[in-house]
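So that you can tell them apart, the chains are marked A, B and C in the order they are listed, and the count of residues begins at 1 in each.
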Amino acid sequence: MKARSPALQVLLGVAPILLTLVAATAILLVAGANPLAAFGQIISGAFESPRKLADVAMAMVPLLLCAAGMLVTFAAGLWNIGVEGQVVAGALATTWVALRLNAPAAVLLPLTVLAGMAGGALWGLLIGLIRTKGKVNEIFAGLGLNYVSMALTNYLIFGPWKPPDGATMSGTDPFPRAAWMPVIGTSRASLPAILLAVAGIVVIWWLLRDSQWGLRLKAVGQNENAAYRLGIRTSREIVLAFMVCGMLAGLAGSLQTTAVYRRLIPSISGGYGYMAQLVVLLSGLRAQAVPLVVLFFAAIQVGSPRLELRMYLDSSLGGVLQAGTVLFFLLVRGLRQRLSKE
Amino acid sequence: MRIEFRNLDKCYGSVRANDKISLTLQSGTIQGLLGENGAGKTTLMKILSGYTRADGGEVLLDGTAVTFASPAQAIAHGIGMLHQDPMDVPALSVLDNFMLGAGRGLAQQRKRSAAQLTELSRQFGFALDPDATAGSLSVGERQQLELVRLLALGVQVVVLDEPTTGISEPQKLLLFAALRKLAEQGLTVIFVSHKLAEVEALCSRAVVLRTGRVVGEVQAPFSSDQLVMMMFGQCFSRGGRPAAPLGDEVLQLDDIAVHTHQLSVEHISLGVRAGEVIGLAGLEGSGQRLLMQACAGIRRVGSGRITLAGQDMTHEPYHRYLQERVAFVPAARLEEGMIAGLQIREHVALAKGNGHLFVRWDEAEAGARRLIDEFRVVGQPTTRVQELSGGNQQRTLLGLLPEHLRLLLLEHPTRGLDVESSRWIWQRLLARRADGTAILFTSTDLDELVDHSDRIVVFSGGAMSRPVSAADVTCEQLGYLIGGRHA
Amino acid sequence: MAPTLLVQTISSVVAASTPLVFAGLGETLTEKAGVTNLSLDGTILLSAMTAFAVAYLSGSLLLGILAAMLVGALIALLVAWGSIALKQNQVAIGFVLTLLCADLSSFLGRPFVRIPGPSVPHLPIPGLVAIPVVGPILFNHNLLVYLSFALAIGVWLWIGHTRQGLVLRSVGERPESAYARGVNVHRTRYLYTLLGGALVGLAGATYSLSVKLGWSHRHTAGEGWIALAIVIFGGWSPWRVVLGAYFFGALKSLGSLMQPAFPDVPTQVFQAAPFALMIVVLVLASGDLKERLLALMHPRMRRLLSGMVRAGPPAALGKPFEPD
């Protein structure tokens, strides 16, 4: 490979973002909007006040957890598109505990966390079994179950868990106070949630780098067949990877209910599972790069609803920016590899 | 067609595959191209047939310089190559394969192509079923298909790269007869091989390559010793091996049956004793692979009983076999044996580190160094295994095997390796017998089977012959058995 | 069920399955060449929105349909370029495009949400429609439905019975061998990825202009994944893919038909059913279960049936090709 000047390296590094901005500008012009104003709205919507910063931090929580989980499944060579459903499963399990159990916060909160992790892990187990026993590609298993989880949530909200005065799209009744994750002062930021997310990504980074388990996962990811021949119980490792990922995603879902909404709402996962997929791709499957990418994604996520309020534009532009950056990242990486070969 | 190479150069990374090769090949002859693995034979032939381009030098056909951008261009100039692994499409039928790449337009001319295929097959005595899928054919038959396909395209030069690897004796004779016929018709046949006997039997002239250079050109009749000297720089004798005392019975197979949708292997009974070496001969796909997989616990047996050191292991999972110290070294080293993308030290950590939560990188590193020294692997602990050469991969794979094995199963342990590497590997393998390890191996190399086995069983169409003693059997006898006849 | 009602139901299933037929056949062509275009769900959304918007603004149905096909082909071009020329993971590119196109359809489609717009006119074929049973089922539709019939036959003939089809199959099965025979592997892959993408775009247009009229947020979400599953379920064989499309179409129609009959069953069960069934069907199509059932049969029967039901993916699906 040719040595390159540092300036060029930096340019290639930010090229995906620049290209995305160019593309988004074009799209905004097509939609008849002022691009600069739109970008400005997103940025101020994410950073203008401490309140917004707290929102960004809370948006980072599920993204960090889901991305950490997905680093595990990616290491094992799996496309866990079912993360979304695992988030939902965690939220459902947590809701069940929060609505059913009557206990003081010191007991109830840890239980909601454990329930969320167990719910997500169970959902992961299901995907893992369909993949290993049913020999169905995990993309389809996970995706199909995502839709099932959505339907299940709606069923519970409009059925067994419906509030006494009638079901609405706003979800179940609020949880009892004992199931509310504590927040910092009057802000929406919850310290326990943030700490759990940080712990999640750090532990996964460490395990993947230095544990025998991480090495086994890598072996399975590179060549499932050969790993089996080397004596690794590949099916078990695959199921376990899905379960660990499900555990982290389930924790994300749990915190969405206890720390953010304090109830179960129909779209509880908020697309964070899909978004985390993009995060992990953009980080190049490296745990170290995940936090920065997550910050970028969370800022867009928190900032883009502004478009709707102030400019009557659809907030899905945020998703376009996120996915666009990843697309250009992949394409630019491909171009670099191609150029360095020539 | 007369072919001239002038100062051909070709590098792959730091390896100089062809180093200023100059050579002239006359038409109407069968030319041998000899050399051990990595001598540059295949590279040279790939340049000639358009699969790769030279870095320098030129190729002349009947005095005109040519360069081919693709194999198709080479075929248009009358040069066709048969690869060691025939370049067909296994999922398509024989006729589809025959037609693919010939003709233009939308409509197929199936009838005309079928007639042409039948006619060409008949000329050479090939029995090809146009409707069978290419994947269901033996390697020998797939070669026949490729040969008639190239001839139908009107090639004047046929290059054959190690064509006798994995084909039966009768198929070999059929192929040789066909090649002689082609040479008589004025075609140029280039026969690439590292098997002396075949070059001696077939070729009128042989060129020997070593480390990318031409080291000699010889006319028939050849002197074997001279060729070997050219190829290896030294001469080997086929000495006998020390006998090892046999111990108790290690493996007992009672009336085993294994079924796949392509083949059924039935009524296999065999007892193997500690320290014994048993060779499994036969054409590829005759059932020996299935039996090996059954013995390793990788493939479920349909009926019968597998007993390992007195324990019934019939329906036990693979991991139980590993616990019972059974090891399986598959032929596809990089696909089934090792993990491409992982380093040697990571393989060591995987192989030895079970039971620990964390990888001890210093220990893995030291273990990898020991393996590299002891097994003479050219590489570093951090070398990724796919970057190793075939011989070094095989040595690494053997180095990763646990120490005290009860049963060692090997598929083609020396396939694709040069004589020196093969000899070294067999030394290491046979040393394990002192430990009471029983060895089962498959091979299509008769010499290897006779040289290293105590007993040999021959597979043919899913049936296994009675074991014969390797000391009493001749290569000719084995050839007959493999072809499905009784000696 | 009364006979006329049954015929009506089947007829509506045929119409409702048309987009799945287009998308399934398109993806089959793409995958036969060895490329997976995973972006179907997003592509269908964006092309459905495009078809409706263009037809609404221009007043021309044909323009709307062509625009949708162009969108489908352009997205496929990104998949092809990213995976063939740039050697990036096809699944990654496809998945990112799925999300990107879905959001883009929501963003750009906002002005068109729930407004009445054009639709492809009903066009019974005179004469043929009068044939009892068959007439109303097959010949009482619009041009897009008839086009799907023609396409089904055309793709089957093309893949199985033409020289070009042979080239296509060889490229997906073993590109090295195709290359050795003078086939331009990359060009073939680009061509069929684009063609497949255009057909997926046509599927999108068929939703917004014929099957599920108009546009709304995430109008066709999930359909693309079903189409991808159908290709696997159909074992990459055109006629089985078409059959799979009608099967899933029938399931959906049955769901909405049966819902009133089972008021106790929550509606969500019917919403989730196609996706749960997708998994079940894939388990049946790819699992050991089929092998075990086959193993129980008489050998001759087994050989006959296994050829029909057993079909693996093209051997080189998803693998990049590099001529030395």
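What we mean here is this: a residue touches a chain if its C-beta (ideal position, glycine included) is under 8 Å from a C-beta of that chain, and two chains touch if they have at least 3 such contacts.
The structure presented is a predicted model; accordingly, all values stated were derived computationally and were not measured.
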| item | value |
| --- | --- |
| Most distant chain from chain B, judged by the mean position of its C-alpha atoms | A |
| Chain pair that, of all pairs, has the most C-beta pairs in contact | A-C |
| Separation of chain A from chain B, taking each centre as the mean of its C-alpha atoms, in whole Å | 48 |
| Between chain C and chain B, distance of the C-alpha-averaged centres to the nearest whole Å | 43 |
| Chain A and chain C: spacing of chain centres that average the CA atoms, whole Å | 29 |
| Of chain B, residues touching chain C in the complex | 46, 51-52, 70-72, 75, 87-92, 96, 99-108, 259, 261 |
| In the complex with chain B, residue positions of chain A that touch it | 210-216, 218-219, 222-223, 225-233 |
| Contacting residues of chain A [partner chain C, same complex] | 27, 30-31, 79, 81, 130, 133-137, 139-141, 143-145, 147-148, 150-152, 154-155, 158-159, 274, 277-278, 281, 313-314, 316-320, 322-324, 326-327, 330-331, 333-335, 337-338 |
| Residues of chain C defined as touching chain B within the complex | 161-164, 166-167, 169-170, 173-174, 176-183, 294-295, 302, 306, 310, 314-315, 323-324 |
| Chain A-touching residues of chain B, taken from the complex the two chains share | 298, 318-319, 322, 328, 330, 335-342, 346-347, 349-351, 353-354, 356-359, 361 |
